[in-house]
Amino acid sequence: MSIVLTESTKVIVQGITGKQGSFHTEQMLQYGTRIVAGVSPGHGGETISEVPVCNTVKEAVEGFGGEVSVLFVPAPFVKDAAIEAIHNGIKLLVLLTEHVPIKDTIALIAYAKQKGTTIVGPNTFGLATSGLSKIGIAPNRYFVPGPVGVISRSGTLSYEIVGALAAEGIGTSSVVGLGGDRIVGLDFIDVIKDLEQDPSTKLIVMIGEIGGSAEEKAATYIKQHVKKPVVAYLAGKSAPPGKTMGHAGAIVERGKGTFEGKVKALEQAGVSVATVTFEVPSIVALRLQNETGM
Amino acid sequence: MKLHEYMGKDLFQRYGIPIPKGQVAFTPEQAAETTARLGDVVIKSQILSGKRGKAGGIRFTKDPVEAARITDELIGSDLRGFIVQAVLVEEKLAIEKEYYLAVTIDRENRCPVILASASGGMDIEEVDPSLIVTYLVDPTIGLMPFMVREISEALALPSELQKQFQDLLQKLFALFSELDAELVEINPLVQSGAELIAADAKITIDEDALYRQKDLPSVEERSAAEASAKDLGLAFVDLEGDIGVMANGAGITMATLDLIDYYGGAAANFLDAGGGAGEEATTKALELVLERKPNAILINIFGGITRCDDVARAIASVKRKKSIEVPLVVRLVGTNQEEGWDILSEVGIQPFSAMHEAAKSAVELAARERGSV
Amino acid sequence: MKLHEYMGKDLFQRYGIPIPKGQVAFTPEQAAETTARLGDVVIKSQILSGKRGKAGGIRFTKDPVEAARITDELIGSDLRGFIVQAVLVEEKLAIEKEYYLAVTIDRENRCPVILASASGGMDIEEVDPSLIVTYLVDPTIGLMPFMVREISEALALPSELQKQFQDLLQKLFALFSELDAELVEINPLVQSGAELIAADAKITIDEDALYRQKDLPSVEERSAAEASAKDLGLAFVDLEGDIGVMANGAGITMATLDLIDYYGGAAANFLDAGGGAGEEATTKALELVLERKPNAILINIFGGITRCDDVARAIASVKRKKSIEVPLVVRLVGTNQEEGWDILSEVGIQPFSAMHEAAKSAVELAARERGSV
Amino acid sequence: MSIVLTESTKVIVQGITGKQGSFHTEQMLQYGTRIVAGVSPGHGGETISEVPVCNTVKEAVEGFGGEVSVLFVPAPFVKDAAIEAIHNGIKLLVLLTEHVPIKDTIALIAYAKQKGTTIVGPNTFGLATSGLSKIGIAPNRYFVPGPVGVISRSGTLSYEIVGALAAEGIGTSSVVGLGGDRIVGLDFIDVIKDLEQDPSTKLIVMIGEIGGSAEEKAATYIKQHVKKPVVAYLAGKSAPPGKTMGHAGAIVERGKGTFEGKVKALEQAGVSVATVTFEVPSIVALRLQNETGM
């Protein structure tokens, strides 16, 4: 399933009766997201912000047509809730929770692959198609429609950059948080494919960080397949090796996933890499003007 | 969570993986006793780092008196930045050949991976990748006997060792999987006579799964500050510089560190106060940063779920309670920004809007502070 | 392999599934003792069949003397064709409601299936299918908590029982899976007060997996002939008729029985001597058929891997050793057919080519034999 | 993968060095089957009837191009060997072994489904495309080319009927043994689809038996989708309920899988059901003549 949402995308919220679940349900509804049902075992029949609550995903899918699900569920229960969603035919599943055991993440991603479900996260802020629908916990205000597609491994850093772009009058098409864990469902490359196809997107911003090889793989793909301009910012240049920098995935291990290696790969693929965050809007503006005439 | 070698070997034993005869010793007497029992022994410092040998942390003897002396010398000593708390006294093995064997997690393929090499005994990073067998394990079926046969084949393992290897790797994988490990490594896996024996044990357990692994020993490798941050649910890393940092979100915190670096400064710590930190959490986070006695403090908040007024109140209250003597630079934007700025101005702080300007200011103020000390 | 109720309940206990207080009794004294301890009890005959109640195999008492008398009466009696060897003496439960719960195998979907119903206590075949919740379990992930929630929901289980049900079904599924069961059935699963208790236990273990289930009790439900055939690696079933049958291959053996039926006869047994039976196996198979003292014997061999000469030699040797007094009809075609026919003609047997002609002849000869006795 | 073989189908034999494996390798080679390699751990480098033996399926596939595999492996080792084949990309896997634990069969079929591998068996005689290739243990002599496709749950009963057809001058196109176990990889329906498409097949013979619902499902499918004439014979009319008649799968349980139910379903679908085996050739000859002009 494409990560580009529409205003008719039918969303369900698992864990809707919890503090985070109910708060963000309200936030998402305010943004315009079409939340058709919530799930919370034992709370069937209640409502949260007028959204009906079901005991099972089965009921939310069969009774209310849920296609996409977002989980506000504590880490020990994520595996069960995620597999429940996948098993019941959810095609796009957003896992916000941090600290999910890595074995559970592996198991649920393997099952998702079997069933053709796209997993966003774990440990992500979610995703948004600006002006149409937002799934997750990103603040509403910065996501104004525009030509820039954003893919990021970090939440607040995305808000920072999306906010800075918005301040310069540059809006966003879709913004996708890959998640900060070592193992997440999506690579940059998976979203780049969607954004390259998406007519609303004229330029792609990648917000990466040290650790893993998602940026390097993306660079190879961009070089061969991507026509739209790409701008990147990478966090963690000054991080010491072997230390986990907040995100479980932000760690340079055995000399792999270094800042320098990623910058080199991206630059060789024609990606403009900003050295510091505040350079991003001006580089984006320049490339938009030069390459798309905007 | 990394486990000490002797703990790893206890787990190996529980899973039926052959280990050398031996005993952990916390005192010279215990080491002497084990040496008297085993004869030719190796005495290995128990620290959470490799390369102990080069640092003098591994010794040989057959004399119990000598063993006690060595142990007395090692325990309490500093090896590569770690204080030795215990030694492992083990029979010295007759080594025919050294293999490398590990199970860990492959990020890119999202599955467990087995690494095996006939070039064991040295750091795996130093082994030519062409000499390492890398085998991805499909998580939907786990490790099956045929996979071990494929690995044996790729390793060109002598046929007389294949049955043992099969058995050992199945058990090692079971341990990895059942104990929520991120890494189990045997280096070297020694062929001694006709037997395969795990001469070392390196095990790392997934911290996020510790809640369901109650039977494991507990090892604390964090600094006191890192540990208390962890207790508060904050991500904290001690660093070498002098600018205390607090921000909300891992990515923005890293970016803040990078900006400090860009302007020629150096951060004293990494502290991610979380995406939705309230007044109390922010207060405690700030106190942690203060304890590091930095030359300046940079707070970088991009409020989304985090409310600027909460953060401002926390800063103000800390500033009122404790006299903060170092410069405090705050960048504060987002939800309830105006209220936040008002609160801060009451305690004499003029916040920034742009994070790079705040970072630049913090670097300059820290330099001035350093100069004035 | 079917297990007796008391064995099943031992396994339930091992897996933490609640069962009534009770004790198996092989003697009246044991039953009296347990009754003295428990008070109001139910005494249940232990046979490998349902519907014991209607056959008088389930009794109630609270008097130890009466319990001894009932037990004495039940043990050794014939219930629905089974001789009672033991009784289970259990506390009589206060029953609020009876559920049905089972895990078995779904042939069509090739996976485990959970059957649950709020209409417990009667044969599940007699329950309206619309009142049975049928839940297929994806074998790649097993039974997960959410599945049990979906089942609870479909059952409309009272919310105060859901946690217990969740726990119980997870354990029942673990038992099913770990012990290579084909069926585990609790009927009724009783709600007694606020508790769910397994009032009965029906467990069938996959015979083909017994080699790896060494810890299970062993139950023999075959006749002596069926058991000795099994030991020889032959598939044998006792039937009601008087024509002894031996053929090679399950399908052709069934077809042979059907032909006998078509011509108005009835087979004394089903015996599949296997697709590649040699001389020795054929000899033993033939001896088994002879032991049933049939009025005629029909041997139907379509030789492929089975060689006709091997079969013929076996028939000839049995015929020479024991005087076979009943008519022996042989159909023998395929590999080495001519040699086979030659060997048989030496012992006075004229084989058939077509199996239906052989079957017709066997039916006629058996009828004649019956008439002459 | 279609169950219709060609003379170029590359076959590997797992368990080739055993008594059964080596004997039937020779038989298959004599029939014309293209066996490219055998597998037998610890026997790598040997040869059986000039077929090279490998230690692993990986080697047999990568080194010799194996596409189809047949297992001569004892029951306790079938699961491992089968998953080895599936894991290494084998697209059609023939499991001859009887007495495979049902849990193992379920696991390997689930994995095969994930990977798109077709499983024939367990407890089957195999399959053959007459005159071209034979995989399994069926006797060579009866499989002469002709217009009849045969699908069967029983080995010797297939030889009986295929032999009787051959004696009447009616050859076979493809003959497939589904296997006698309660759970097998293929239903009648799966093979009927292939035979309906196969230009060599003019008429389909189904050899079923009591137990399960494969015949009933096939009847529904035939009624809706099959144009070619279908003739059936079903074994077990006289079998008592609740007793396993040789094949683990040949059992009437809880009133399901009865002879009468199957006959009724098939006849309603226009299938000619022979009452006894010897009727099959004449019914086949008649329907071939009437409906295909042969």
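When the chains are written out, they are named A, B, C and D in that same order, and each has its own residue count from 1.
Throughout what follows, contacts are C-beta pairs under 8 Å (C-beta built on N, C-alpha and C of every residue); 3 or more make two chains touch, one makes a residue touch a chain.
As the structure is a computational prediction, the values presented were derived from the model and not from experiment.
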item: From chain D, the most remote chain by mean C-alpha position; value: B
item: Cα-centroid distance, chain A relative to chain D, in whole angstrom; value: 48
item: Centre distance in Å when chain A and chain C are each reduced to the mean of their C-alpha atoms; value: 56
item: Computed distance of Cα centres, chain D from chain C, in Å; value: 27
item: Junction residues of chain B - those touching two or more other chains; value: 138, 140
item: Contacts with two or more other chains, residues of chain A listed in rising order; value: 107, 111, 114
item: Topology of the chain contact graph, where touching chains are joined (line, ring, star, complete, other); value: ring
item: Every chain pair in contact, whichever chains are involved; value: A-B, A-C, B-D, C-D
item: Chain B contact footprint on chain A (complex, rising order); value: 75-76, 99-107, 109-111, 114, 125, 137-139, 152-160, 163, 180, 182-183, 207, 209-210, 212-214, 217, 233, 235-240, 243-250, 254-255, 275-278
item: Contact footprint of chain D on chain B as seen in their complex; value: 138, 140-141, 144-147, 149-150, 153, 159, 162
item: For the chain D and chain B complex, residues of the former touching the latter; value: 41-42, 44, 55-59, 80-81, 83-84, 87, 107, 111, 114
item: Interfacial residue positions of chain C with respect to chain D in the complex; value: 105, 107-108, 110-112, 124-125, 138-140, 177, 180, 182, 206-209, 211-212, 235, 237, 239-240, 247-255, 257-262, 266-267, 270, 272, 275-276, 302-305, 333-335, 354-356
